[in-house]
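Next up: some structures, all given as structure tokens.
Heads up, the next two complexes both have chain A, just with different partners, chain B and then chain C.
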Partner chain A sequence: MGIEQGKISRRQAVFLVTNTILATMVLYVPSLLAQETGQDAWVTVVLAGAGGVLYGAIVVFLGARYPDKNLVEYSMELLGPWAGRAVGMIFGLFFLYLNGAVIREFSELLVSLVMPETPLVVFDTLIVSLAAYGVYLGLEVFARVNEILFPTALFISMGFIALAIPEMEFYHFKPALVHSLPALLRGSALLFSFYLEGTALLMFYPALRRPEEGRAISYQVGFLLAIALLADILGVIALFGPEETARLIFPTFELAKTVHLGGFVERIESLIIGIWITMGGLKVMVFYYVSVLAFAESWGLRDYRLLVLPMGIILASLAVLEFADTNQIRSFFRYMPAFTVTVLGGITAFLYLITLIRAKRTGGKTDKDDKNKKKAS
Partner chain B sequence: MLRKVRKPLKPSELKMRKINARLQELQPKEVLEQPISPDLDYNVKLMKELFGNSSDLVVREFHFGSDKEIRVALIFIDGLVDKISLSEAVLKPLLYRTIVDEERKLLPGNAFELIRDWLITFASTKEVDKMGDLLDLVLAGFAAFFVDGFEYALAPEVKGWKDRSIEEPKTESFVRGPRDGFTETLRTNTALIRRRIRTPRLRFDIYQVGRVTKTDICVAYIDGLVNPATVDEVKRRIESIDTDSILESGYLEDFIKDNAWTPFTLLDRTERPDKVAAALIEGRVAILVDTTPFALIVPAVFTEFLQSTEDYYEWSESARSLRWLAILITLTFPSLYVALTTFHQEMIPVGLALSMAAGREGVPFPAVIEALIMEVTFDLLREAGTRMPRSVGQTLGVVGAIVLGQAAVMAGIVSPFIVIVVALTAVTSFLIPNYSASLTIRLLRYPILILAGMFGLVGVFLGLMAILLHMASLRSFGVPYLYPITPAVPAEWKDVFYRAPWWKMDLRPLLLRSPNRRRQAPGQRPEPPPVRPGRETEAVIEDGCQKNCAGGNRGSG
Partner chain C sequence: MFWNLLLVILLGVGIALYEVPKLLNRQMRRELIAFSGVLLLAVALAVALILRLPVPNPTRGLEILLGPLTRLLYPAS
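Right, the complex of A and B next:
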């Protein structure tokens, strides 16, 4: 009996989660990874991908355990109303805070790359208003829009990378596998922390038209992410080499700058801006929706739309107030893994453990259900 | 004695009562529910009173029978009835034939039955016993026939009014395809559809809406192909309308569409019976309104507005993709011009940028104002063109092209590039086959243009996303508006981005939830016949060629 009445298909869920994870990842990750692991960055993609699929299994286990309840609802059922409410509030606050950072990041990007004379708060407000409109219209609506825009954006980005192939030098990958295991693990942890944002799925798991397909969703998300990231990181490193990539702030953007076609198509990197606006806008929408829904569920509201406007004002101000300058943002994204792993990983692991203990205590009944579900999927 | 205390009415109830009383005034109910009186004079007087001696009401009283002892009255509305058939089929038999045969003599006692069964030679005649029903029939073009001493009246359907003949539709013109279009008469229109679909399962359910106009509204569908829930929903929405008039299908459209506040049209409308027939066969519902040559088709989704019926007759692969391109250009071209010239000059190739800068030299306005001026001017011209008397249409073209285009550029008010941009947008906007959809797209140019002027490309992208979000939130009779793009049904894209050949489209669209999805037998792809013994013409020809070639007399053939 959740607040959300809309239903989304498997494809929509896959695209939504993938877009959420990928949108910020492609901004900073190639450069940060190149700093840690140089030309061996692709190894971290594989490692983090494996970790992501494992984490996805936990998320899907929780989701499938309560197919008609979202995270806040079943934590209230598992932990009792007050502890559950606290978990819901932490969850909501986390996404609110992170969303502020994401919005700041995107507005900063727009200001620094496209329109340097426009104040930050303008883009900040624009993005939040668009997201507020999407959240107000509901999950079903922005999931559908994402279903059109995400594949389009992905296709165009891949096109950019393909067009840059003539400029690439593949000797950059030699010598392979020279970085130490700790460095590789650090890089993977960095990547993995972005995968944790997929926990957002647990807030709209009950909206899935076929909840038994959760496992397939997690695999497809993992696959899409791996492909997109590998293409991006390999392309960037092959184009600039590991040292240069580490020095650049937005390597993907620089990659787009090198694209030429037939002497007429030049300097089309502004299209990349369009892609980032759509992907970023949709990511902000998802986070916005998750935090608003988490608050509404914890406070027992009948409709979350009431919270959209106040939360939007908070979000827009947070985005301005969270960081003083670009350096702070970069350092935030450098140390964000610790933050994400503690909160999101913590909540998920905690709920997972409690569920397991509960299942053991109440006997085989629930275990059997899970096995049946596994078989069905 | 206890006095009964009446609860005071709530203000809202009081208001509702007042509203109802007002609505009732549109129809004098007390009179209408009266039965027909046996007194002929009373009936005639009542009719005359109801019409207030309106000049088009014709009342003809006469006597007949062998001794002229039977009094009858014929009432009809001049102009709504066919006078020739009225006199041939109704008046003549009564006045000429006084005796039916030896046993059945016309007497005041049996006059009504004899007239009904023996004398009136008209195909469709109704028998009515209520004044209100009779009144409705008279207003619809029936004649009322009272016989003195009887509580019934006869109403022969002698409808016949001046009607436009079936012409080629004005708004949807084709190169190839049928040339007949709907007219203003409902029956003609239903016949045009019936002629194309010869199945008894084609249904035309009729409703009357409008307290004053009593407009006939016909819900057409094919039983067994349509989803019954859609038909019920359409009927429910039509029945719930309580208004005084429905003069055009547009009135109805506003009442029955799903989202009230949207610039997008949520119903398809057409003048073409072949389009309606195709929609019915797909499992849709059509709504025909009397006195309108436009039929509404529900449910309608956005992708349909880019499909012209002609796509299915004359196969052109590029038409669909051209229209998608046209939408994109109409929506974004002026705003891209503004965004690029104002904020992102580096994106324009150098040579072009230089000539654009040269063209803009001396223009006193920023690009966004320039674009707004020209776009508004174009819309003014277009609006003037549609409302103008046809004889002065030429003038408009001259004024628009020369004075506003050429002169504005020469005077240095706008740059030549914006004229190109506006002209291209104008042309592309007419590529969208659906007029309402084209109007909507043209309207949405403006917000994007303003966003582009303020925030450059960022504004354009944000604006497009907001429009997409809005479109994704719309529904037409429960069907998502962007179907089948999203929720994505890739199997049906073969009729969205291009038009697949007919033998490929075996199934009806999923969105209509038709109980019978299969349209045709699968695997009907045409192929050349295999060469079989007895039909070896090709082998013979090849042999002949080989012989000739071997003989070396290639030139002799």
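Right, the complex of A and C next:
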């Protein structure tokens, strides 16, 4: 059947998807949201979270409908081999491009915060080689690594925010709900575009040990993300106030800088960079894996591993090529909602509609029913 | 620049030496073609970047393509 032989548990899938969405979200988004909606940023988290869970319901519906096929395989079945291949290639190219952007964001972070003298390409290449190693070993390996590292990272980040509570001033939220609905919706659209990255799940859904139990993934991911983001955004705004947050590039990092404990726990912000690199590396692995698998499936290859190393060179080059400077990264976030909604949302909605139409035509039967009938007769 | 070029080409040759024998042993012709195509593209892209050839910036293209939709969302800018 599929190329992937490894099996993952539902918890591993939930953590993988949550980590994928959260890793880049906590970098730039708090400041962008504060620019757009000021102290009402928490409303956009709620709105986008609700939208994300709804979208997740569609994603897991598709996944549970074809429990032993990934997105490219059933789009080939639904749309015919050529259109299906085109969808697979678009899916792969999208994640390849986005992965280049993610790698660039993380290298830029390291350059601007830790090692300003080192060329960007160095971090770029290091992240790609790390990710290539993980992807070469397979889905099961990095899913297990993520199962250990993601909760740890989440716990430590929450600890940071909790330690900063003494410095927070909660009057910063005071004129609540003063921003207009369009502004709130714009902020939610930006957040929602990150939730859409969760579509990556459809490429490894068939690797779930019990695919029929996968429906819970959508709200479990939504819940984890809502908690993490709310804590982050509320903490940052309570600490710096909306105007200051909007001016900072990495507010979460500045929050970690303010943590002082009893005169001896000082300068622990390097720890938060370590956490970000862990999460970022795993996110890059997931995107890398998804794009390579999508290409291998749509070209009808029997293995995806042979594409991993050549794609790595492309990824490292793309990360350099994609943005001229840091300003273009920030302005790219304006184009993110339109980009992800048209590509990922478009593909998912299209496949969902076709599945529904086909189900109506065949009287609500699924492929599984057909198979069972064949076995019975 | 010369050393960078040498490094990228050596990397490409190294990857080919690592993967191609495995593919030949298992008689995977289709996979071999895909692998060579992607590897050639990758090395060409990296070499073009090192030589500072005018490679089009994909983000610029996306910004032009998505401009109308984005202006719908952010009418002010």
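Note that in this section the second predicted complex is superposed on the first by the 365 of 377 C-alpha atoms of A that agree within 3 Å, B and C clash if a C-alpha of one lies under 4 Å from a C-alpha of the other, contacts with A are read in each partner's own complex, and residues count from 1 in each chain.
Everything below uses one rule, namely that a contact is a pair of C-beta atoms (placed from the backbone, for glycine too) under 8 Å apart; a residue touches a chain by one contact, two chains touch by 3 or more.
Quantities reported herein were computed from a predicted structural model and do not represent experimental measurements.
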Task = For A:Leu301, select first, second, both or neither according to whether it touches chain B, chain C, the two together, or no partner.
result = second
Message = So in the superposed three-chain picture, is A:Glu169 touching just chain B, just chain C, both, or none of them (first/second/both/neither)?
response = neither
Inquiry  = I'd like to know which partner A:Val122 touches here: chain B for first, chain C for second, both or neither.
reply    = first
Query = First (chain B), second (chain C), both or neither: which does A:Glu243 touch?
reply = neither
Task = Determine, under the contact definition given at the top, whether A:Ile313 touches first (chain B), second (chain C), both, or neither.
result = second
Ask   = Can A:Val145 be said to touch chain B (first), chain C (second), both, or neither?
value = first
Remark   = So, in the complex, the side of chain A touching chain B is made of residues 9, 11-12, 110, 114-115, 118, 122-123, 126-127, 130, 133-134, 137-138, 141-142, 144-145, 147-149, 264, 266-268, 270, 273-274, 277-278, 281
Request  = Under the touch definition given earlier, write down the residues of chain A that touch chain C in their complex.
outcome  = 97, 101, 186, 189, 295-296, 299-303, 306-307, 309-314, 316-318, 320-324, 328, 332, 334-335, 337-339, 342
Inquiry  = List the residues on chain B that touch chain A in their complex, please.
reply    = 343-344, 346-347, 349, 455-459, 461-462, 465-466, 468-470, 472-473, 480, 482, 485-488
Chain A-facing residues of chain C, complex = 8, 11-12, 15, 18-19, 22-23, 28, 30-31, 34-35, 38-39, 41-43, 45-46, 49, 55, 57-59, 62-63, 66, 69-70, 73-74, 77
